[in-house]
Every structure is written in C-alpha cells, then in structure tokens.
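Each chain gets a letter, A, B, C, D, E, F, G and H, in the order it is written, and its residues are counted from 1.
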Amino acid sequence: MDHGILFDHSRTARIGLPEAVFCEGKPFEALVELLGQFGRGTGRPILFTRLAPEVFDSMTEDMRAGYDFHPLSRTAYGDKLPQKDKGRVAIVSAGTADGSVAWEAARTLEYLGIRHQVFEDCGVAGLWRLAERLGEINSFDAVIVVAGLDAALTSVLGGLTPKPVFGVPTSVGYGVAKGGNAALASMLSSCAPGVAIMNIDNGYGAACAAARVVNGL
Amino acid sequence: MDHGILFDHSRTARIGLPEAVFCEGKPFEALVELLGQFGRGTGRPILFTRLAPEVFDSMTEDMRAGYDFHPLSRTAYGDKLPQKDKGRVAIVSAGTADGSVAWEAARTLEYLGIRHQVFEDCGVAGLWRLAERLGEINSFDAVIVVAGLDAALTSVLGGLTPKPVFGVPTSVGYGVAKGGNAALASMLSSCAPGVAIMNIDNGYGAACAAARVVNGL
Amino acid sequence: MDHGILFDHSRTARIGLPEAVFCEGKPFEALVELLGQFGRGTGRPILFTRLAPEVFDSMTEDMRAGYDFHPLSRTAYGDKLPQKDKGRVAIVSAGTADGSVAWEAARTLEYLGIRHQVFEDCGVAGLWRLAERLGEINSFDAVIVVAGLDAALTSVLGGLTPKPVFGVPTSVGYGVAKGGNAALASMLSSCAPGVAIMNIDNGYGAACAAARVVNGL
Amino acid sequence: MDHGILFDHSRTARIGLPEAVFCEGKPFEALVELLGQFGRGTGRPILFTRLAPEVFDSMTEDMRAGYDFHPLSRTAYGDKLPQKDKGRVAIVSAGTADGSVAWEAARTLEYLGIRHQVFEDCGVAGLWRLAERLGEINSFDAVIVVAGLDAALTSVLGGLTPKPVFGVPTSVGYGVAKGGNAALASMLSSCAPGVAIMNIDNGYGAACAAARVVNGL
Amino acid sequence: MDHGILFDHSRTARIGLPEAVFCEGKPFEALVELLGQFGRGTGRPILFTRLAPEVFDSMTEDMRAGYDFHPLSRTAYGDKLPQKDKGRVAIVSAGTADGSVAWEAARTLEYLGIRHQVFEDCGVAGLWRLAERLGEINSFDAVIVVAGLDAALTSVLGGLTPKPVFGVPTSVGYGVAKGGNAALASMLSSCAPGVAIMNIDNGYGAACAAARVVNGL
Amino acid sequence: MDHGILFDHSRTARIGLPEAVFCEGKPFEALVELLGQFGRGTGRPILFTRLAPEVFDSMTEDMRAGYDFHPLSRTAYGDKLPQKDKGRVAIVSAGTADGSVAWEAARTLEYLGIRHQVFEDCGVAGLWRLAERLGEINSFDAVIVVAGLDAALTSVLGGLTPKPVFGVPTSVGYGVAKGGNAALASMLSSCAPGVAIMNIDNGYGAACAAARVVNGL
Amino acid sequence: MDHGILFDHSRTARIGLPEAVFCEGKPFEALVELLGQFGRGTGRPILFTRLAPEVFDSMTEDMRAGYDFHPLSRTAYGDKLPQKDKGRVAIVSAGTADGSVAWEAARTLEYLGIRHQVFEDCGVAGLWRLAERLGEINSFDAVIVVAGLDAALTSVLGGLTPKPVFGVPTSVGYGVAKGGNAALASMLSSCAPGVAIMNIDNGYGAACAAARVVNGL
Amino acid sequence: MDHGILFDHSRTARIGLPEAVFCEGKPFEALVELLGQFGRGTGRPILFTRLAPEVFDSMTEDMRAGYDFHPLSRTAYGDKLPQKDKGRVAIVSAGTADGSVAWEAARTLEYLGIRHQVFEDCGVAGLWRLAERLGEINSFDAVIVVAGLDAALTSVLGGLTPKPVFGVPTSVGYGVAKGGNAALASMLSSCAPGVAIMNIDNGYGAACAAARVVNGL
C-alpha cells in the first residue's frame, strides 16, 4: 500500500501557512513514511499535530532525533519557519485540563515563527487570576482563549480586550459538557462582540487564525 | 366540555408551596373558568403563570378587577400569602431580554410572601455592573441568576457568593443560542461549585426553589 | 414599566466597539424609548440591529427622520463613528438569500467607520464567479464569508486568501440545512486552516471581529 | 513539564467551599504531584474527585497512607473540614447503579463536615420503598435525589418534601437513557415545583449546593 | 387537482383496524372531498383525526350534520363500529394539558366500539390522586398512560398494574420539555418493566394498540 | 462495601412480573453476591440480563452450575416460572445482527414460562422471507419485532398482522444508524397503526410487554 | 435595493442542468423582478421552485400569463427544455401527504423534458398497492421514492427494483417524525443496497439526480 | 449456537446486486462459518465488508488462501462477477483519511466487475488538485465523491460534472466533524443540483448505487 500524500506545497506562497499533517487516524506506516521525508535539516518545515506520544516513541531513535516533539500538545516539527519581527499572540486558558489544546496553539505559533505567551488557569470562578494578568495580555496583538465547560472566560475576556479574540472550546468535562459542545455553543453565543470561534480542541486552527492577523501587521 | 381541574389543595400543607396554574396551551374557556373561581377576597390564593396579556385583557372587567396582573412577567394572583419575617432573595439578570423571566421569579416570590430584589443588566461583558452590586447581593439569603446566550454570569457570580444559587437559562438569542439550550448547557457545566439549575425560562421554579431554602431558615 | 437599560458606555474606551442594541424580542415600547434617546445629532452613536421594517415603520415620522434605516439588513443608526484611515474589509456571500446577513455586516462596518465592499453570489457551484473576483478580494485586510447550506465557499476561499477570514453561517435552507446548523458545522470543520467562525446569522459579530483586526493595523 | 496548578486558595473565604481537584483526564504525573502536596496532617484539606481506583492504587504506599480513599465514589481526602453543628443532608437514590454518584455526594459532605445519610434503592417502580423512609428523609435540611433512566423519583419525592431538593441525573442505562440525557431532561421537566438540577453524575456539585443551604442556616 | 386517495379498504379484514384519515397538513379541498364521501349512514365507518375545529366549522352545515365531531380531541366520525362485548380500556392522564391526546385515544376507542374510561389529573406530584383510582383502573384490560413533561406517571403506574400499558408522551411543556422529547425519552427509559410506548401525541395509535389487545381476548 | 440490594419481592404479586437484575455496569463483586443468593433449587426465580459471558465465565464452577446461561443473549436464570397454559409469543427479527436482542426476549419469555418461537432473517429487503412465514406468525397471540437500521419490518409486519405488536429497535449499524436512534425514530413513526415500541435493544422489556398481554388472556 | 442575481448561465453547458430559483425566503420584490425577466417566449427556460400560491397569485395577470404554475408543487416555468427521446423516470410516493414533494419532482422532470409518471399511495402498510404496480415501475430507467414517517417504502422498493433509486424523505408527520429527520435517517440506513438519498423535501434535487442518469443513457 | 444466515440468493436476479456480508459486530464463529462456505472456486461470489484485518488474520491459512483480502478497505471476496463491457466509475476522495471508504467503494466495484479509477487528495483547500484531473473524471459514467469534514468537494465537483454523483460522507475528523454528521449534513445541503447521498462511510452502498446506473447503460 502506498501512502504517498499529494502535498499542497504551494500553500505557503498562496496563504502564508505551510501544510500540516493531522496524525490521528492515519495508519502507523503512513506516519513512519511521512516523518521519514521531513525532519530537521531537510529544509522542508512541516508540522505534525495529534501525534500520540506512544506513536512517536515507537519510531526509530534516528527518526525521533530529527524532530522536536512535545508530548502534552502532541506536536512535532523538524525545521521551523524563521521568526517574524512583528506580532505577538497571547494564549489564555481557563484550567489545567485545557493544557493540551493551549499548547497545541503555542507550538503551532512557535513553528510558524510567531512570538507568543501562554497564560494558564485564568478561569472566571476565581476572577482575580485573570484580573492580575489583563494588562499584560492586552499588550499582545491577538488573543487565543482556550476553555471548556461553560467557557465563560470568553465573554469576560472578550469584554476586557480590544484585540482580535479567537475562542477554542475544549472537550474536557462530563455530562452535558462532554465532547465540548456546551463550550462551543457557549462561545458562539458570547455576549462580548466580535469573538470568533474555532472547532472544538482546534488549537492548531486558532494559531493559524492568529497568524493571519499577525501576517497582516 | 368540563374544565374542572382536580386541584392538589393539600400541597401547601405538604410542601409549603401552593399550586399554580400554567396558562400557556390551556383553552380560553378553561382559563375563564379558573380565573372565575379564585381572585382577590376569595381567601384562596393561587398564582397564574404564562398568562398572555391579550388573554387577560379579553376577560371581563369584573374578573380582571379581582387580580393583580403584571404583563411583562405574564403573572396574576388575587390574594397573596402572608409576608414571611425571615429570608430575602436576590434576582440577578444578565440583560434586558431576560426581564420577563426575572420578573416571573420576582412575582412568584411576591405571591409567596418572600422579600426580594431584582438586579438587572449585570451581564459579564461589562463586569463593573456586577462588581458594584456584589456586596448588596451577598446580603440576601438565596440568589437567582437569570441569563441567556452563554450565561457566563452564572459562573462569575457563583464564584463570588457563598449563598445558594439557582440558575435560570433563558430562551433569548438566535442561532445556537435559540431556545436556550446553549444557556442551559453552559449553566449545567458551570465551573463554580454548587450552582443548581432550573428548566429554560422557569422563573417560577427558581422562586419555588429559593422558597424551599427560605422556608427552612 | 421602565425600560431603562443600564448601558455599558465605557465599552468603546475599553474594547473599541460601542454598544449595540439587538432589537428582536424587545417590546415595542422599549424600542420606542431607546430610539428616542439616540439618533442623528445627539452625538451618541449607537447601532440598532434586527430592527424589523414593520417595527421601524410604526415609529413616528420624527423619530424615523433621526435614523439611517436599511430594511434588508434591518439596521439603523443616527450618528456614525468617524471614518478610519486604515483597513478595508471584504464581505463575500454565496447567494442572494445570504443578503440580509451580508448587509448586516456591511452596515455595521459603515457605522464603525471602516471601509468595506460586498461581493455577492460567489457560491462555489459556479466557481468562475469567485475566481473573477479573487484578486480584488485579496486586496482587503480581512474577509467576511457569508454562506448557508453546505457553506463550501468558506473552505474554497479560505484556501485562496492569506487574510484573516471570518465565516458567518446563515439560516437559509430547508431540511437538514434549516436553521443554519449544517452551515455552522461545515464552517467549523473547514479544511482551510485558520478560518474563524461566528454564530449563525451573526453579521454584526463578524463585522466586530474584522474591526478588532482593523483597529490593530 | 510543570504541573503547578494556580490554586484558588481564597475560595473558602469567598464562598465557603474549598477547591477540589477533578482527576479524570489529568495526566498521572500531575496527580502524583498534587497528591504529594496535600494529604493528612498537612493542614490543607483538599478533595480529589473522579480518582480511579487503579490510579490511586499505583501511588506509593506512603502517599496512599496520607489519604482516606473510597473506591466506589472515587474520592480521596487527607484532612477534612471541622464538623458543623447545624444542618443535615439526605441523599436518596433510585437504584444500585446510582451508587457511585450518591456516594460522591456523601463523601463530599463528609469532607465538608456536614452530617448526612444515604437512602438507597428508593426507585418509584416499587413505591413502598420510598414511602417507608419518607418521614425520616423529611427530618433533614436538604435532600439530594440521585436517579437515572426516567428519574421519576425526582417528581415523586419533590411532591412529598418541603425541603430544598437537588436532583442529580445519572448516566446509567442504555438506548435513549445512555449518557444520562433522558434523566436530565426528565428532572428539568419535573412537575414538582422548585426542584433544582445539577449536571449528569455531578454528585460533588449537589453536595456543594446542599452545603450552600446548610451554611446559611 | 385530484385528491382521490387510494384507500386500503381491506385493512379491517387484515388487521381488524379500519383506515383513518390524519387531517393535519392535508389541503382543505382534499378534506372536503373526503368528508363528503363518508359520514353517518353511508355504512362506511371512517375516523378523521387531527381535524382542526376551524376547518370542520367551515364545512357546509349538511356535511357537518353527518359527523360526530369532538373539538378538544379534533376527531370526527360518521358511523361507528359495532360495540364489542369483551374488553375495556382505561386512559389515565397526568394533567389537564394532556386532555386533547387522552381524548383522541378515547374517541378512537369509541369509534372502534371498545368500552373505555378516562381518568384525568393523576400526575405524580400529588400521588393521592392516582392512589384513589388505582383499584378501578386495574379492573380494565389495558391501560393507556398519557403524560408530558417528565412523564413520571408511566413508571409509577407501570409498577402498580399488571395490565398491558401503552404510554403516550405529550408535547406539552417548554424548555427541554418542548415538543415532548423529554417525555418520550423518559417513557422509553421507564424503570417499570414491559411498558410500551407510542409516538408523541399519538393517542390514536395507543387506542389501536389497546384494540389489538382487546381484539385478542 | 455492601452490595445488598433492596429487592422488590412483592412485584410478582403486584404486576405479575418478578424482578430482574440488569448486570451491565454493576461491579463484579455485586454480581458475585447476587448470583450466590439465587440459582437453581433456591425456589427464588430471578433473571439476570446483560450478563457478559466473560463475567459469567469468571464465576466459580459451583456458581455457574446453578444457572442456565445463554451467551448470545447474555441471560441467566436458575429456576424458571411454571409454564403457562395459554398464550404464545412470536419473535420476528430482521437480520443476524439483531440476534442478541431477539434472544434476550426469547429467554425472558422462557424464564416467565411463556411459549414462544423466534423467526430470524425476515428483513424486508427480501420480502419473500417474511411472506413465507406470515401465516405461522399470525397464529401467535403477540408479536415482538426486532430490527435495526431503518426497521422497515415493523411497518410491513404491522400492516399484515392483527395481533399486538411490540417493536424493539436495535443498535446495530453505523453512521446515522449507529446506536439505534434511526431504528427507534422509524418504529415510532410507523405507518402501521397500533405498533408500540420499547427502548433500543430492550428485548427484556418487549417480553414483559408481551407477558402483560398473555397474562390477561 | 437591487435584486440582480448573478446567474450561472453556463451551467446548462457545464452540467446539463439549467439554473433554478428557490423562491422561499426571497423578498417579494426580488421575485417580481425575476419572474419579469423570464417567462414563456423569452427563450430563457428557468424553473421556479417553492413559489407559494399566494405569492404567485399576487403577481400581475400579465406576469402570471407567462408561466405554467402548479399550486400543489409550488413550481412555475415559462419555456421548457425540449423533450428528450431517451429515458423515463418513475416517481413513487407513500401517501397523499407526500404529494407536494412528489409533484415537485414530476414538474422538474417535465421542465427538463424528461418523460415520467407518478405512482401515489404505495405505502407499505398495505403492500398490495405497491405489488400491483411493481412491474410497470420497473419499466422506467430510474425511480424516485418519496416518503415520510418511517419511509419503509424505500427499503421495500429498493429490494425489488434493479434501477437507480433516489429517495426523498418528506417532512410530513409529527412527534419524532416532525421535520422529516426520522424519514431521512431511515432512508440513509436502508437495508436495500445502493439507494441514494436527497435532502428532506428535495423533490427538485431528486429530479436532477434522475436527469443526470437519463442524460447519460 | 447456529449461525446459519437465511441468504437472499435470488437478489442478484431481482436487482442485479448479489448479497454482501457486513462483518462488523458479527461474532467470530459466525464469520468463520460464513468464510468457510464461500471463497475462490466455489462459484458463489460473495463480498465481505468491514472485515477487520485482525479478524481475517486469525482465520486458518487455508481459509485465507481462498480470499482476496484488502486490509485498508477491510473487504474480501473469493470469486468476482464477470467484468462488464460498459460503464466506468470514478471515485474521487478529498484526503488521505478518506482512503478506507474510497477503497471500499473501489473494491465493491471490482467485485461487481465494473471498471473504475480512484482519484485521491482532491480536497478543495487546494483547488488545483481537482482542476488538473477534472477532464479525466468527466470521462467516467458515474462519480463517487468521498469526503469528510465540511465535504466541500461535493458541491465543487457537483457543479463541474454532468455525470450522476453519489456522495459518501466520512467519519474522519474531531469536534463537530466527529462521526461524520457535519459532512453528511453538508452533502445533503449541497448547492450543486442532483447530488445524491449515502450513509456515513458507506462506500459499499455508493458502489451499488453507481452499479445500478452502469447496469442500465
């Protein structure tokens, strides 16, 4: 079986965002083949997302050596894009359980060469945690909000910052919150104006959305 | 056709909450008959909820004279229960559109003889509106939160008050917020601990829940 | 009954977006009172959205004279914000039926003083319609995509433009498309990276999201 | 990787409920770190919920010795809060399968220092089981009802007790009952007035809601 | 346009249940034509269900004279089937709002020549109302339970009667109960064994199901 | 931990159906305890449903010896109820995949002492399979229809038999059929009159419903 | 306001299907303008679907004269496409209530110049109705099945014909069948192989799908 | 236990499509028995779908030798039908993750003796990939489109080809795309006319639908 994917190599030129490989659901052999083609020093920067640690760990040591792998966010890349001079992105998350998504966004920005900072544990049930960091957050050029459950952080922060805000609902939680639909509906219904939303757990997408803003500065 | 409802008159003795008549969907003739049986001075306090102004307005003047009707909340009663000495309930709503539900709760409390106050327009997109009133809200014995859209007020207030909190999602909004399911899911997923929730638009139920608390003080 | 809304007047200072009034579901008297407070020459710019033509038409001539009303988008304002020097927004819609939402976005931008242009009938079932206009669309600083049904335009355009893209699903259609959930799910699942989504029919929100980008240029 | 959570230590002072750690979905290392920080004799009471027995069992013996762990409810704590003089809570469940949720509520109350009693197997398909215990249940200050499937117990008990009632739908069952949505909808639609509802399986939340009532006595 | 329906006249012979005409959604002209073909004295018994009073009232006096019309249940028939010697069906409803469905069942049984009795207002929030009538209900050969909201009556009655039980969820209610899906899910999840369920508001179907039982006695 | 369930032993006297134990989700220790209390020769007939083969197989040989276990249907009982003289039930299934549910019904009837026969592979995509057996099926006193996917068999058979029909949707299938909701909706919408429906996969319930019919003959 | 739609006039050349105008939801003025541009004798064949009779009736007599309007199907066209020599399509519907959708398909085929025949009232609750017509139906080159409720006709017919089958679920019915989702799920789950499905009520689409088949003969 | 399935052997004669065995969910023993009955050289062509590689691999070597097994598509057959002279089918997929479904369609066509070609990686986020192959695709007699996520390829291709188009939504993706419902809704709402849709992941069904077209050429 041949796993040769028809890559969209002109995408960077066209929209400023190089292609990424979403690994979940891809067969192991396909991932081996793909990881073998790219990697540090090949001059072909590519980002792997949703790459499970147990999958990465069963690659050969050689192959692993060519990649910067980050287990919590399940991301890997070899070469990165050159760092941009302009534009910084804040990633604000509500709770510890939102970490893997927040860091998927952070790692994607790192790979895209965009400066960024992660602000964790800013959930609104303890408002002082957000209040203390608001000034600093507002010094960034775009804000990614990562939250599950009722995602109330989106409205609170959206009402306190003038910057572009991209909300990422997470699938943490149980009962009606299970799978992230409550957070998604909550974010889409946000009473703060102009907050734009990504698919559940799509930290990669939020980073790309923020990159589109930064690329235009 | 006979509309004689089998009333549960012993309910007050049993659970401390007299029966109420939910008018929506009941035929006009049934409502005429019911409103004719009770009313001011009959010594039989009963609450009518979801009584549309246009329905009430088409009753005879005599019949209307026997009732205290409140159009925004669509509630009516003749006699009220005697005012209780102990217990006060705060009703906090996010926006103007939540008014009819907030006032349904307020009117139910009025009818039940429980002191209360309505705090409107406390939505979290402008946090200062809630902050200014928090001290006063916390002087009440129970808090009813009425909010639609993402209902983020529930988590914010639930994290700032030690009092029993009853959330009422409202059906205001459009798109994913239409019908109130986003607000309901958001409230049930609240990251503030111990916030208990009612059915969508159920201001009457929230008042009864608060009354159960007040009755036990 | 008092309809005095607790306005969040400091919002413009805080987040650069003045408050707006969502009229759907508000009682007629409340709208009369609100429209009476603002209007041309009062120096208090405010935007009314979801204001039904039949409601606006039943206002007094005097009151109507103070407003610039646009029936298709159901928007009205008196004074506008001063026009900004920088930043232009393209609004691209798939079909005629998406017009009211596309123009809600356009009118919001007009009110906010942001230059913009509407590109209608760019649905992908006839790709040449989009192809012809792509160059021009890419000269704008942000792109709002308005589409119902399968909303395929979002992915196609998202793969062809490097600019920030904000998708607005519309509620046009029937069967599984009714209410806009198919379009919403489709947009959130877009295979083009970094496309951010608003609630169904939320043209106002998309304009605010684009304004956040333009305000940062 | 650092798992240092930004604890909301002032929460007890603010709302009378100390923070709890929801363990499901947290990485093993994070749980080891957290369990290491607290535990019996540290003077820092904290409650761990949804802590799987197989996770707890793989901690060191030393660490386990510092905790009172309860496998059915999957809860653990080291120190408890001092027992309160006032207020007792009844926990009434419909069937054996609701046990883990009922005991999560019971254990949370135990940790909060609130007296309580669990009444199991009170499902309404055999009404005599509830009837026999009703008098005793009504001697408590608040009632938690835990039920899955059609959750009919909520309405029956809500119509027989004047006390604050908090319903917890459980995820037991199959077909339309799977995941607990049938029970949740049923409880929210209860024909008994003033019954307030928690998220599916949220025994912890129900205990907190009851604690808010007890704290105000 | 021709409204000639291809009637399944052999159905009575095949399954013992003559065809019925569901009127909702049929064009007025089609109903005129159908009502004209049958009616008292034609020797062709047929049942019309969901026939709106305003539609029936706009038929000619002549046509109306040929039918026994019942507005609450929206049913009409001309000739009835001969009364059967064996079998009696109890129809038990929870509240007044369930009346139209309960009476659709009753009228269908009347038309099918099956003896029956309606027991209204047996909702479980006041259990004594059911308790008083249980003995009599158990003297019937099949029981139809009609209930909306949480439909808790189904489980309670299903646990107290050995007779075949057919549950009909009703669409009364609001919020999560709106449209009857909560009642449907609740009934299907009933903890009483062997309770069989019909579509929402399908009083006609429940009567047919009971008729199948009675026809076999 | 004590697994003593409060059995409803009077249920047989009350409704003619002895209690059953639904094993799925119950802890292993609880099942061991329960299986130890009953079993062949104890004179206490009880039915265990959803008892996984791997669970039963890990009981002691002694314990297993006391039960008649049937792996496909996942049912076990020790003593059965005495066989009834009157009444026979046909169980008709659409495909092989519906076997475990069809046999759960058959085994429940066996346990209840009711004669029955299973007719498999009668799906309507090959109508001749049903046609050949229709005469025999119609000689039974009640019919249980077990079908997944579009469950079209229900309407076809419901239109061909005058006997009480109980439909059981099954959870077989994928895509929109996954979990059985398509089959459930299809059955509830059946165009054949008087077909009554059970929860998804509830073969036990269908047998109890048929038993209620047979018990009344 | 300008209603000038950007027509996709090259569509006929590209895919053999000329553009159609879906009228529902379009403003009256837009429809007046569109109907004015086309019509009999203009040599520009165009099909209007979902054109409500009350809308068409309020056009000028002149305008109406230019169109062949069919109220039940709510379709209108001026010129038709020339009749094709090859290919005939059968449209088979389950009940009278499916008429408007069946005739939308028929009228679309008429407009496209494709021979066809409508077979109504073939619902499977009376199988003889379909059996009698099966031979004739199988003489056509493609079959459109129109059915609501449980849409069982799709599987039955799909198992009896070798021709391409296109199913159209209809929105007739109530309760779980309301809006057509039960019929849609049922059709998509059909146990007959190779049955392809259209959106709910999309008779126009089914005709186009059949036309694609006929165009290739 | 007997796994003898009542095969519908006359199906090929009746509808031109021989029976297939859907293996998922069938017990291992049943599959062993079935695979034992057919296989190369038995002259009884039969197709096994959803046959997991790990299941096939645990069959005896002898048994495996009798089958052509294809792991990615999880299909197996012994003998094939004779190759047809007329008719060729194109299978166009959006991304690598859609491979298993695309190849299930391809293998079914191979088994049915119908010529076909698979075109992979034609997703619309990089339109040039589809554009390059459009001419060749249009030389086929029917087109199967396999796509997940927003399935935008369906509308784009449906607007560019005059051939019969059968869409198969796939269950790839996460968040709102999980399980394939977003893709299904998107395809059913396609703005390209006459695109007919199969159940999620139903590559087998799409091949059968295309075979119905090819069989009629």
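One rule holds for everything that comes next: a residue touches a chain if its C-beta (ideal position, glycine included) is under 8 Å from a C-beta of that chain, and two chains touch if they have at least 3 such contacts.
A quick note: this is a predicted structure, and the numbers were derived from the prediction, not measured.
Enquirer: Tell me, which chains sit next to both subunit E and subunit H?
Expert: F, G
Enquirer: Minimal path length between subunit B and subunit H through chains that touch?
Expert: Counted as steps through touching chains, the separation is 2.
Enquirer: Answer with same or different: of all residue numbers used at the interface between subunit E and subunit G, are over half used by both copies?
Expert: Counting which numbers both chains contribute, under half are shared, so the two copies meet through different residues.
Enquirer: Going by average Cα coordinates, which chain is farthest removed from subunit H?
Expert: Measuring from the centre of subunit H, the most distant chain centre belongs to B.
Enquirer: More C-beta pairs touching across which pair, D-F or C-H?
Expert: Higher C-beta contact count between the two pairs: C-H.
Enquirer: In whole angstrom, what separates the CA-based centres of subunit C and subunit G?
Expert: 35
Enquirer: In whole angstrom, what separates the CA-based centres of subunit G and subunit H?
Expert: Centre-to-centre distance between subunit G and subunit H: 27 Å.
Enquirer: Give the residues of subunit E touching no fewer than two other chains, as numbers and ranges.
Expert: 11, 125-126, 158-160, 175-177, 181, 184, 188-189, 192-193, 199, in rising order.
Enquirer: Show me, using the given definition of touch, all chain pairs that touch one another.
Expert: A-B, A-C, A-D, A-H, B-C, B-D, B-E, C-G, C-H, D-E, D-F, E-F, E-G, F-G, F-H, G-H
Enquirer: Spell out the part of subunit H that touches subunit F in their complex, as residue ranges.
Expert: Subunit H reaches subunit F through residues 1, 3, 5-6, 8, 10-11, 22, 24-27, 30, 169, 171, 179-181, 184, 199-202.
Enquirer: Report the residues of subunit F in contact with subunit H in the complex, numbered from low to high.
Expert: It is residues 71-72, 96-97, 120-121, 125-126, 128-129, 172, 174-178 of subunit F that touch subunit H.
Enquirer: Quick check on the complex: what are the subunit G residues that touch subunit F?
Expert: 94-95, 123-127, 148-152, 154-156, 158-160, 173, 175-177, 181-193
Enquirer: Can you list the residues on subunit B that touch subunit D in the complex?
Expert: Those in contact with subunit D are residues 11, 14-17, 20, 141-142, 158-166, 184, 188-189, 192-199, 204-213, 215-217.
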